[in-house]
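The same chain A turns up in both complexes below, where it pairs with chain B and then with chain C.
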Partner chain A sequence: MRARGRRKTSYAADIAVIHSGRQWLTLAVFIGLLVVLPLVLNATHNLNWVTFLNFTLIIIIAVLGLNVTTGMTGQVSLGHSAFIMLGGYGLAMLTLKADWPFWAALAVSTLVTGLIALIVAIPAIRLKGFYVAVVTLAFFYIAQYVIRNLDITGGTFGLIGIPSPSIAGMSIKGDVRWYYLLLALTILCVLVSVNITRSRLGRSFLAVRDNDVATAALGVNVPLTKLRAFFVGSLFAALAGGLWASYVSVVRLDQFTIWDSIWYLGMIVIGGAGSTAGAIMGVIFLRLISQILHVIGTSDLIPLSSTVTIYSTQIIYGLVIILFITLKPMGMISIWQKFKINYKRWPFGV
Partner chain B sequence: MDAATILLQLVLSGILVGGVYGLIGMGFVVTYRSANVFNLAYGQFVMFGAFIAWSFIGSPQEPRLPLPIALFLTLIAVILFGLAVEYLLFRRMIGRPMHATFILTLGIMALLHGAAMLIWGPGVHVLVETVPRGAIHLGSIVLSQEYVWSFFLAVIIALALALMFQRTRLGLAMRAAYDNQVAARCLGVSARMNAQITWAIAAVIATLGGILMGTVHGISTTLGELVMIVLAVVLIGGLDSLIGCVLGGLILAIGMNLSSYYLGPHLPGVEGIFSMALILIVLLVRPSGLMGTRPIERV
Partner chain C sequence: MLELKNIKAVYNDIVLALDDVSLTLEQGSVVVLLGSNGSGKSTTLKSISGVLRIEDGELTEGIVELDSHRIDRLNPEQIASLGIRHVLQGRSIFPQLTTEENLLMGAYLRRDRPGTRKDLEQVYEHFPKLAPLHDRKSGYLSGGEQQMLVIGRALMSHPKIMLLDEPSLGLAPNLIGDLFSILKQIKDAEKTSLLIAEQNAAAALAIADYGYVLQSGRIVASGKAESLESYAKVKRAYLGLDKNGAFLSRHDFRQKITDDDTEA
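Let's turn to the complex of A and B:
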């Protein structure tokens, strides 16, 4: 029997993210592995894997935001792709048209997207359930229409030549440098996300999701909580969008489709709604599927045309979402937790 | 043509198109009403049904089966499709939170879209004439004949569905299940049977709509995007009302015609987001729609 239990002597110890020295060690080793990962991949001359890692990190940041809005607060948003798009376009317009420095532009475009999300949330918060999804869906198409028809956004051609950031005089160019920047920012975002769940704010989010009437009875302002959820969620999305735009140095409308909104929702469901670790697992799982299909499709073994790859990815994504929703509604994180409990209490499983 | 004739032309053709939108919307309303599923995959149902029909009927260049036989086979195939969707997926979702079912329909949407792209490809498939085509001239107003036929078909099906819901035992059972599933089951209403019939009806209506739309515009995977129009139609009309659905279709189609003609020159493609704007307005002003009966929970 390995189970001993841990005695907590203070509230702070009880809500601590990391409980023991062994967890600190595991975390340090894990982050160390993440730091040396691109060096290993570089040694094998597989630069496209570093690109894959970078996009995965960007999407993790975005999905952490959706996890706040949908996973924690239960407001199903189909407009997440639009918030990412606004963040990207905001950064592009501020750096290209107004010659702002990168970091200022990123901060301002993120904040402005957050304010836009508040406006979108006004019709959404008055209603329950799928009405929120419909409002955000309508917002997605309206945002896309506006961007397509404005001159300042470059219309259907988009904006090109978005500058890269620089830190202390070192400009972030190339996949590996970007990897370290994105890794640092992702860890920061994970930290924020984890701490949201531990705070009063996060508890009000979870309470609104689980029972909004009871939450209101306990004195929590439900509409305000929903507004906050949309605001925080869209901040993550806009940050990811700005980084995305700068990383590929282009923003175009077809980078941000309604399908992406659906995949982000799927990632949350697959990982386990409301859990930060679950959201990350969901992103990595779906990204790996598409990368594996891409590798198979471009290999000599079973060459597939790019359209076949795209649509078989779509079919598999759909199937995975369907299977998780019907068979494992609590997501991958529930499988992991069950394993952990069984391991600790062995031979007395659940 | 003077201004009044143009207006009349726009309104009349809007009415005809709106009838077809209303018909398609009814399949959505039926599943919402008796299975309590907000089916965002419905556009893909329309597209899939149309492609199944095309596989039996064929194109004008190479027709496959005689029309009555082909339509009969299509009917059986889509009924089986609807039953399979219910049996494999939605039966497992009874008692689960609404957003889970909603995300399930998103998964179905992706699956059907990807499958149709792989099987039939992105091109436009032309369908054999299922309803007579051509123009009808009323003075200086021109209407397309296929829309007139579709409109009458839509009205007949709306009436049939309304009769079924209001005047038959089955309809009564379905309405009871919508009001209170547990109470209905206590009184001997079979929830399974209800759900199966519902999904079969929805699949048939979706296919019918797909065939009518496909006759006019050709069949392609973009038919799936019809779900945005369907959403606007059912939200305007009220999610649980068949009559409201027809009304919503008329309002939307006339509005799209007018906005495209009068605003189109200044704002290209404005009719595409007209439905979105209408959805937002309806949800802000009157969330239960024009004819919806169930009060929407506001917070």
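Let's turn to the complex of A and C:
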């Protein structure tokens, strides 16, 4: 019989990402499934599903960043879309105007966006709550205005023809190749995000969110910690933006809207703020629902005119979110945690 | 040695919280601040730890000195790095972190891992109840456990001075006695000076060397702990005891005060 309520004897065991051989196996099977996923979808000739997967992966990377800034550290940022935009435009300008190789351009645009985020964060860290949201909101519009009115960014037309990356001489072209590249990078970002939570840095993020006064009294430089959170969060965003730009090979202002910023916040709230797994679940959940509703809305399944169904799906989408937040305010991760505890203690669950 | 010299604290530029408060905390001693609600106990501690500034307060007059160096212009994290730990009122845990992660936050300024591990064990020795709860989210701990956790967290940095803001708040009477005897043990073992703001004067005076009584932001009485214990006014107004040492209920509190005043 399996031992119930396994006891851990050290903090290292407490914070280990993988606790047992069985978890290694589950993880391997899960990643294996992700690897064969596009092949299965390809077989049914529904190529748009692989595109859907690719965008989902890009957004997961971006939202992991917002999860650091807002989820872990509690700094509500409405400017996340702007950081994604800067990453995208940075990559586009470096590859198109300066002929930089893709990977160098991606690294530099990511880092520069991080530095810009530090400048944005300087007024934001002196403030609390809603005021931080307003500063980041203002930043979004400033960034948008600047990009619209510069020549080098292509103004309202944007930049077209952004090159694809190549790895070991193989050019990443086509949805399936992009899928594997994005999957690898997403797994990398997830690892980074999980390890932030386990580190001294991550503890200071969570501590600032939970009780900033007590955190300061313990010798933590709270403003500096918030700066770090903005910096790390924007790195994820800029990376996602660069990949996005290259994947669709264009950057335009209407790709990066303030609504996206708000949806990203919605995703971490629905997933369970502060948790890496929660952020991923939130992205997948919201995107899956919207995609399924879109498929139903545009199909012939419902004998109504397509204008009616497309708009009704928006209403259903909103309703699902409202219901979810009312019924599970702690996010999807709380369902998972409850399941885990009940599974461990079976048949004596709560 | 920590010294407050004639400090005046003001919140939001208008609310006067402390007026001309001076006190001294000798190295290795226990000093207790007594006073009813709103008398300025918490503000005194916040003026020392620098937390006052985060809460829109400032010192308009007077200075705070640690070993003859001014510290009243420093940020809270700088003051913390000098070895002063402020245990805030009302169990300021980080509810989403586990017990152990909370304790590790207390060792944030330290970089030596083996030493931190050893101190973790030491905190679990001081507070054996915390050991089995090390991987529990601290938000799920009971009030008493949370109070032990925040004190343990402060101990993780081997502070020279601990400022404790109403450690007995909301604890069951039997736990209050335990808590103060643990505090005394800590003080004896680690040579930590303690400055304790308390409403439960009887419990605090039992381990204190010296005490100050605050009223409306001013110090109205001070003296050795033994002499304060017998100080009639303190008993009535701040300890809630009658002159025989029995607790007053709210009803007879009103009556007794008028009775005693006429006696005097």
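Just so it is clear, the second predicted complex is superposed on the first by the 316 of 350 C-alpha atoms of A that agree within 3 Å, B and C clash if a C-alpha of one lies under 4 Å from a C-alpha of the other, contacts with A are read in each partner's own complex, and residues count from 1 in each chain.
In this section, contacts are C-beta pairs under 8 Å (C-beta built on N, C-alpha and C of every residue); 3 or more make two chains touch, one makes a residue touch a chain.
Computed from a predicted structure; not experimentally measured.
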item: Partner, of chain C and chain B, that touches more residues belonging to chain A; value: B
item: Contacts of A:F157 with chain B and chain C, given as first, second, both or neither; value: neither
item: Touching partner for A:W103 - first (chain B), second (chain C), both, neither; value: neither
item: Chain B versus chain C as contact partner of A:W346, first or second or both or neither; value: neither
item: Touching partner for A:V222 - first (chain B), second (chain C), both, neither; value: both
item: First (chain B), second (chain C), both or neither touched by A:L127; value: first
item: Partner chain in contact with A:A214 - chain B first, chain C second, else both or neither; value: second
item: Partner chain(s) touched by A:S204 [first = chain B, second = chain C, both, neither]; value: second
item: Chain B versus chain C as contact partner of A:F30, first or second or both or neither; value: neither
item: Shared contact residues on chain A - chain B and chain C; value: 212, 216, 222
item: Parts of chain C lying in touch with chain A, wherever the complex brings them together; value: 49-51, 54-55, 75-77, 80-81, 85-86, 88, 92-98, 100-101, 104-106, 108-109, 120, 134-135, 150, 153-154, 157
item: Interface residues, chain B side, partner chain A - complex; value: 38, 40, 89, 92-93, 96, 98-100, 102-104, 106-115, 117-118, 122, 228, 231, 235, 267-269, 272-273, 276-277, 279-280, 283-284, 287, 296-299
item: Of all residues in chain A, those that touch chain B in their complex; value: 70, 74, 76, 123, 125-131, 133-135, 137-139, 141-142, 145, 148-149, 212, 216, 222-223, 226, 259, 262, 265-266, 269, 307-308, 311-315, 317-322, 325-326, 329
item: Residue ranges of chain A in contact with chain C within the complex; value: 8, 11, 14, 200, 203-204, 206-207, 209-222, 274
